[in-house]
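Before I ask anything, here is the structure I am working with.
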């Protein structure tokens, strides 16, 4: 099968190409980038030298000869491509934020009108698997909501308050240099940002509602001096105390058939480069602390996009993704 | 005045010597270490070459000719020195955990009997200033409780729940190598530990009670791939919503006369190497997020110990400590 | 085919298991560790959870049911296993230093007698490919000599002096905590060590001689605050000046058929986790600067060991190893 | 005395203000920045909150009421200010490259005409102390040449080849974000750059000539994932072998009266934040490896500028600079 990456110059584009090397059914044969059109993909992604001979090209949807398109573009850019792609019968996985929220919520959170809205599955596979299967168009979740939601899901119904305290690696900010990503501002340092107002909160709340949770939900992100990975500490407050054994069993049962969720002590390096979410839970009085880790570029973006592609195409969900993390 | 450091081989010992270089009234003339006795202090603290000509010696309290002793030893080791020091009329600042909690609480939390307990001031200067002034013996607070308590104090009375989510640099684990501090286990990585059971929680609860707070208090620490610094994100839940302007004013007023607390965006590197605590607060509905940063080895240990010494000796509290942080 | 890892608890053991996941012909079914015998392999290598169900066992060579053994043990430990393994007709790849040097040189450099010496191929595949093909026993090169030798090889005959200035990630020091690997001693820091006397120098000189080089050879290693990777800056002094174009062509021609050597700007992250050596060269007067990067745990250890296994077993040299690096 | 910093928004500007806090004779009362004019200095340098109440202003040399001006501006910008400053009798310390080289060399190396050249002392204090004393205008050396030259100076006359292999922290690249300083391109990574053509080579060669050295001199810089510090490994080739004891004594004697040069194992963290240069030397056959470390922003920039100010003003050279490094 043929795949195209629209917006292939960034980290998620690079990861899609890297991960797809071990996928048996798909070949990426189009990689677009307005800025780098005409340059080899490996000029931007040198680790792929010997693996990818493509040249970045200008996106030209009408001439696109492909079966599936990954939209790895900023929010509002994706919605501009969607109608044409759908018309041509090309499957779509949108890694931007454009189709993750109801229209009105999107417009409020992102402060911009939505010009091509559709109601499509939210591709957090563990929670929306059936909806994604054979779907022609799926929205890939945000990196923070992925790890956070998986941390709280088994307790969602019992919680009255969920506070996600998340810590992300710098690749989550993309590949454009800025003061935020300037090494001397990050190295040997640590900061919190958007203490109460990060856009991903809307997705998190939506998923708790989807899970039938009555909980109030809060979110504070932090920036780590690491390249990849998100660790989310979910502080979950319950009406009633819960025993450690009970909550542990609850989590293990909840995820026992999930190929990409492992119950073990979370550490960014156990999942680095892989599609796994590792998590662990500890109870104390009315509070449960659930900690999850994912690689923000894999399970938090490109890996989950491939997982969604597998579902959409009727393949085994793990196809091409069963690779261990890299430690150290 | 003469000062002795009992247990001078670790990071807090090194910091006491480093910081005391700019103190006009005190000279350190004894530095003990059982393990390194006979070796120059600079063999362990090479950055002090040219500043400290002492040789580590075995601790011999009965022969100690000094005015004030800093106990920079592990918990249970400090209580063994205290009676002899007091008998000789030597002032004491204990950087260990031995005198931070009531006897029964200490014995439960640290799982060991206390053989020489006394009720002395808890040297979190901003909250216990008067008790520390001219006191002969002060207990220096834990690193986590220092930053956490300063983050929550202004709202303590209004909160029903306080969750401290703290992230510390590796120097907090001391200078002894272990799997926890092994570079490949920490570098480009991030982990949570003791999710609900860290010993410092008892100090945090004690301080909230001291502040008249009815709040439940929880604490989860994390290990950052940085050398120094603790950032604490205090998730404070209130019975009633509070406006941003109101909470901001509350914090600024609360700390307006504090020489070492600054209201500004917290970043580990703004306080690196200094005795400052920077903090900021943001309200959203019933939740307030207060974020504080300190250097765990300075305001979280040796700097605050000198601040306490200044109070105990009747000097200006800032003597020798008015040095800016080091950024980048 | 069945493979056993003798000494599987360290980083090279973990990497052998990780990399072998994509090898179509080999299954690891024995992983030994005296210290961790009885514990699951994933207790030490949590990233492998779901991929490796083995339990560490005590090494028992006489009862070993395997086709090939990887010796991932410290020097002098390997020579103790070799005779028994050979007697049973088990193929061996020795990742220790025991068989890299002539007996007398080994004994001098490592300061210990060699009790089971044999003359076997030195498995730097690019230089000793034919000797390794179908060999029953191969010695895997040191990490520093691998990257350094590949940097200098094309110019070896023309050089009168070769100075290798190498910088390694901390995983090269193994997984045992020590002052050297203690995070606060490494993070945001950088040091040189063994300025003129590192043991790997003997291998480097041996390979220059093998290449017919008359050059004097020197080596200084440094410790980087990174997990993986070695960058070697080879300062190569020639009797006569060379043009940039000429030396560039020389390198590109020399390596044009090598599957794991790429001519491009070297950056640790382009080869991270992969078996590639990226290199580049620049001439100025009589000096050429050649820079190479490898992942010390892959091309510098376990990846090259698999490359050697492929040669020894008559398979395509790249089998199971054609995976791109991970950037960022 | 009054001092002005022209171009105070960058790291060297911030360091000048930080370091000057402990200088008894000087107050900075002007800090210029075209880009940030009107904003408080602490908006850019938050660590200085409580220490510096200045507001950035547009540089207006004709109205400058000051005794000494630090030019912390990019090359070519300094030469535009110099004539006016000199005319007003204001002492100048130029931290840019504009006055470090003879006019013709500057114009070739920097590829731009020099419009206001003057022959002034090169402020590497250890080598040009007498020239700097009471001088009205001094050029502050480059960061790389400072550490490199101090490493080689004692052997300069005996060497036939000197190769400086230097590794710098990212703050050396300034505070403007770029792909080079983007965290995911630097963190857990390491690269070499300008393998044979860095501009600082001209200064290095100039100083070797000044020292009477006949040596060929080469230089290759590398970028470390650390904030501050330069470690230079000087590979020094001699016509004749030298004994370890002899070369060690040579270095110790050479620097025995230098207040800021210490003979001890070099480690970036021993000098972090301080004006020290630590160095060590090891001999092997005809090669000597000399390793030096400095903080690029202190001894490599702002600290040395203050050292020069002290010399120019007839004060003790160490005034305000006798502060130990910060470890860890």
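Order as written gives the chain letters A, B, C and D; numbering starts at 1 within each chain.
Going forward, a residue touches a chain if its C-beta (ideal position, glycine included) is under 8 Å from a C-beta of that chain, and two chains touch if they have at least 3 such contacts.
Everything numeric here is computed off the predicted structure, so don't read it as measured data.
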Once you count every C-beta pair in contact for both, which comes out on top, A-D or B-D? B-D
Per Cα centroids, the chain farthest from subunit A: D
For subunit A paired with subunit D, centre-to-centre distance based on mean C-alpha positions, whole Å: 45
Can you give the whole-Å distance between the Cα centres of subunit A and subunit B? 39
The distance between the C-alpha centres of subunit B and subunit D, rounded to whole Å, is 35
Subunit C residues counted as touching two or more neighbouring chains: 11, 171, 184, 187-188, 225-228, 265, 267, 269, 272, 328
Spell out the part of subunit D that touches subunit A in their complex, as residue ranges. 11, 169-171, 175-179, 181-184, 186-188, 225-227
Contact footprint of subunit D on subunit B as seen in their complex: 11, 14, 18, 21-22, 42, 45-51, 171, 187-188, 227-228, 262, 264-265, 267, 269-274, 276, 278, 322-328
Residues of subunit A defined as touching subunit B within the complex: 161, 163, 165, 167, 184-185, 187-192, 195-197, 216, 218, 220, 222, 224-229, 231, 233, 235, 237, 265-269, 272, 280, 282-287, 289, 291, 328
